[in-house]
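What follows is one structure encoded as structure tokens, with my remarks underneath.
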Amino acid sequence: MVEKRSVSRVIFNIFNYGFMFLFSFICLIPIWHVAMASISDPRLLMASKGVLLKPLGEITWDGYAMVLTNKSIITGYVNTLFYVLATTIIMALGTLVAGFLLSRPNFKLKGPLGIGIMFTMMFSGGLIPSYMVVRGLGMTNTRWAMLIPGVLNAFYIMMMKSAFEQLPGSYEESAKLDGAGPLTILFRILVPLLKATIAVIVMFNVIQQWNSWFNASIYLTKTREYWPLQLFMREILINNDASKMATNLDAEKASSFVGNLVKYCVTMVGTLPLLCAYPFAQKYFVTGVQMGGVKG
Amino acid sequence: MGTLAGCGNYADGGRNNDSGNASGSGGAAEEGKQLLPEDDASKEITFSVWTGADDYKHYNSYAENPVVQCLNKKFNIRMEFQQPPMGTEVDNFNVMLGTGDYTDVMNTTYSTSSQSALYEDGVIIDIAPYLETYMPNYYRVLQEDSELRRLVYDDDGRAYGIYNVEDLDRNQWGGMVYRRDILETMTGGNIAFPSGGEEPVTVEDWEYMLPFIKTYFDNSGMAETAPLIIPACGYIMTGELIAGFGTSGTWQLGRDGSTVEYGPATEEFYHYLCKMKEWYEAGYIYQDFASRTNDLFYLPNTSLTYGGGAGVWMGLLGQTGSAMSLPEYGLNMDVRPITAPLDTAHGISEKDASFYIFSGVASMPFCISSSCDEDKIARILTVFDYLFSEEGTILRNCGLNAEQAAEDVIYQSYSGMEKGAYWYDEEGNYCVNETFTNATDNFDPNSFFGNRLPGIPAHMPDPANIERTAQDDMEDHAGEVWITYGRERQIPTGAVMNADESKKFNNVRTQIMDYVDSMVPKFIMGTEELTEESFRKYVEQLSALGMEDANDAYRSALERYNAR
Amino acid sequence: MNEVQMEKKIRKGMTWRKDIHVNWRLYLLAIPIIVYFVVFNYAPMAGLVMAFQDFKPTKGIFGSQWVGLQNFVRFFSSPNAFTVIRNTFVISALGLFIGYPMSIGFALLINEIRLKWFKKTVQTISYMPYFITTIVICGLIIDFCSSSGIITNLLVKLGWMERQNMLTNPDYFWAINLISDEWQGLGYSSIVFIAAITNVSGELNEAAAIDGANRLQRVWHITLPGIKPMIVSMLILKCGMLMTVGFDKILNLYNPSIYSTADVISTYVQRVGINGGEFGYSTAVGMFNSVVNTALLLIANHLSAKYAEQSLF
């Protein structure tokens, strides 16, 4: 399409590009600040204020060395990868089936099921009863506690349901005539058409799982070896603050400041994988979210 | 003192020396035999312990702690630890209580109900009857310290916790500090405090000092400076600074020592506010103090303190002397400890001042839960009692000796630590492993001790192989300065509220503190008018919010404590 | 009669027995889903009774004392109740009425960018702040708004206010919170709309351009109606969260001198809860939140069905 080059268009473009440039700059500030702080001289960092545009003093990788040699970080990374992968599969299967059911036109259970699922978005029972259920199932201090509770989410199911409803009915009609069952229709015919929506909920789930720590903190108190990355990171962050308080140990003279870098290094280590993965997922968002959110 | 025994073995005779059981504990032993089932030392027992976590660099769970490992071997036990991540302890403890899934031993520090309440609800057991028989060392410690004894035993003579006994005089890790170098520069070395001493003591002295600091900073060209930093709520919770005005920011004993009053409602508090407001208007107080809620009160705005932009603040031992200097950037600081300014204009003298450290004589009570198998209790008590013996104290506080370290994975895996944490040289002098002093950031000294277990502090001689530095002397000096005022008006830690009192107190506590915390900064910054009239209204509002209820709750707890 | 109505009629006419007979395979598929929600969501809802108890962890749900509506009475009669409810509502409504249109506007502006690489880069960068820990973001905000911070300096230079710490002035908190929310979340929250816009038919747009419609007209008459369903369904969901304000950020940003505008329900419950471990009380407050949210969701859904001919359920 050829754009008309009217004066107002040019003025608009100047402003629009200018605004976007400025906005990008503002959005870049925090991550840039964190990146620069993570390799700054820790003692100077302690005495600095405001945004860092370049590292302070000599560049140091001590903070990263400290974080990455922490025994727990590696364990955490491996666990988190496993949880992200496994929950994504479970979540995708459950959400697909639930969304599919809610979108069946001649299904009497559809109404009650939909309301039942929506209701869980608004009300929850709280910590202790949830714990008792999970414990009753023998899941506490096992990896199952990270995989099953909370894996299905009403929001995603509603999104999936809308996506199914958007598809023209003709696709499955022919399949039905061939005598295909619901599972065949779902996985053979509909899933390939909804790749984009699935990609979106997968991405949402990955972000959510990557950042989750609360369930682990409640259910995995005896099994630190199962902890996800974020829980270890949280502990490092909190502990780092707490241990700044000089202890009565002569050895811990305040001469060491590398601890100050930890907050920044942990942020980088914890979010960089997601930041890098995001642009790749971006192309799916372009068609995905739209199909999910809409009910015509 | 010679080389101490290795991890040894409890089963073959360990119980006969000072580490072990009741052989020398006197008359009650006979009777005590029936208290608990006979403990078969040759049988390994396993027990679980709920306690808070730390991020130890050299292991994942406290069960791998070298001291724990050593105890495991010595007593033929296996300790399992249930540790919630830091920051979620309260939730976790409540979940454990709510689900009835108790561990055998629990550290009740994070409990929201008192030990008496836990006992009444059947969560923990009373260990008082067993102390003399099974815990002779702990029992002896209790006999020697009346304040500790009053903390451990409740009104009905029951005892629940095995405590970590604090070393208050040695643990003074922080207090007010000031930049001596600024004063030297501004006065050309002729510092003349109005009170005549070497160091500032009175409000007058501070008012002599603060203008110098302000002028110094005004001329320094620095973007942000603060002659005096106070925390976001307007006073330091542990009582530094405000102590000089004869009051505190929390509940305290009245001047007669037998009543309870709420610091922020006292007349002295009004004097404090007036002075702070005056100083704030004069530009002495950090203009942004009220927004710094995320700063730990002992680490106020580090960019100011470490950047050389602060004059007086709540500092740490490690910040004293020239420790904060950055000669390569032309920053030379001489940081000195300082006492709170005595409000002599209102007749406050040293004896009226008192600071309020939060930690009491003891902390981290380990309690035995009701779901602990009766057969195990004797052994568990014996293990914990060992930590109060001479040998156990050294093991817990100083770490493993060479012989013990030879059996420990963690000690062996860290280069430099395989020699043990300490040893005695040929002349019998106490020596500390140099690895501790030359520690790098990837080395975590705390991993090698057992400070997370209950016990008493070890008073070891200064190590012979490590030289005392000027910094060490400065820190000793700071420790002395900071405890000048004592803690006479602190409500004793042992004055614990019962269920009714604590309910009454909790109902009003948040709203009272919220109100005080929101009003004090406004009074100081001048956004709320500060006159005797407005202060009276503020005190009236505190009463309306239930301050008397809270005072009453404390008072009855105190009365019961005093009667013990 | 449209399809939806017809479908409803058909379903009504069908008896359960008949439906199970016809759709037995669907019922079979529904079993695991129902079991999941019953076990992990509905069973724990028994815990909601804590709202009516003086809940003691040691006594559990079955042993704790019943106190009727005492927890609710305590919340509504506490001196802070009105303030925290109002603040929660205002902060969240500002997000809805200002923040929400802004994310749509941002998506429209992004859509106007023709340079592909620039568009992608802007998009990628704009969601980055979303991933930075709240603590770090709040640290920066506190720095910027301090009495010598860059934002304060700017506003003072422009003559818009006197030099002061903006975070200790109750009048500014809502603005600071809203603006920083947008800073952190604008890019992320507009992804949905950017995606929706790309799907609006290009043909229509082109035809309109040939008919001489200018950009603004095309946005107004083609793009916006095209993404209307998305806007409406997100709006309904947002209405259902109007009484929920993420508390991490406020907890890190507020201070006692601005409780009057910054204290929200969740931060208040956190303070009370942590001090007293009061499960009953916080469950009661949470329940109040849920009820209000549900009511708002139902109202929004109803209004939307009536006026926008679209509903979530």
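Order of writing sets the chain letters: A, B and C. Residues in each chain are counted from 1.
To be clear about the criterion, contacts are C-beta pairs under 8 Å (C-beta built on N, C-alpha and C of every residue); 3 or more make two chains touch, one makes a residue touch a chain.
These numbers were taken from a predicted model, which means no experiment stands behind them.
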item	value
Far-end chain from subunit C, centres as C-alpha averages	B
Result of counting contacting C-beta pairs for A-C and B-C, higher pair	A-C
Distance between the centres, which are taken as Cα means, of subunit C and subunit B, whole angstrom	42
Centroid distance [mean C-alpha coordinates] between subunit C and subunit A, Å	17
Junction residues of subunit C, two or more chains touched	57, 60, 135, 279
Sites on subunit B at which at least two other chains make contact	94-95, 98-99, 223-224
Subunit A residues counted as touching two or more neighbouring chains	49, 127-128, 132
Subunit A residues within the subunit C interface of the complex	1, 3-4, 6, 8-9, 12-13, 16-17, 19-21, 23-24, 26-31, 33-34, 49-51, 94, 97-98, 100-101, 104-111, 113-118, 120-130, 132-133, 137, 148-150, 152, 155, 158, 162, 181-183, 237, 263-264, 267, 271, 274-275, 278-279, 282, 285-291, 293-296
Subunit C to subunit B touching residues, read off their complex	56-60, 78-80, 135, 138-139, 142, 145-148, 165, 167-168, 252, 254-257, 259-260, 271-272, 274-279
Residues of subunit B defined as touching subunit A within the complex	48, 53-55, 57-61, 80-88, 91-92, 94-95, 98-99, 101, 167, 170-171, 173-174, 223-224, 296, 298-299, 302-303, 306-308, 316-319, 323, 326, 329, 436-437, 439-442, 445-446, 466, 471-472
Residue ranges of subunit A touching subunit B (in the complex, touch as defined)	43-44, 46-49, 62, 65-66, 69-72, 75, 127-128, 131-132, 135, 213-214, 216-218, 221-222, 224-225, 227, 231-232, 234-236, 238-242, 244-256, 258-259
Residues on subunit B engaged by subunit C in the complex (per definition of touch)	90, 94-95, 97-100, 112-113, 117-118, 121-123, 223-224, 232-233, 287-288, 290-294, 506, 509-511, 514, 517-518, 520-522, 525, 527, 545
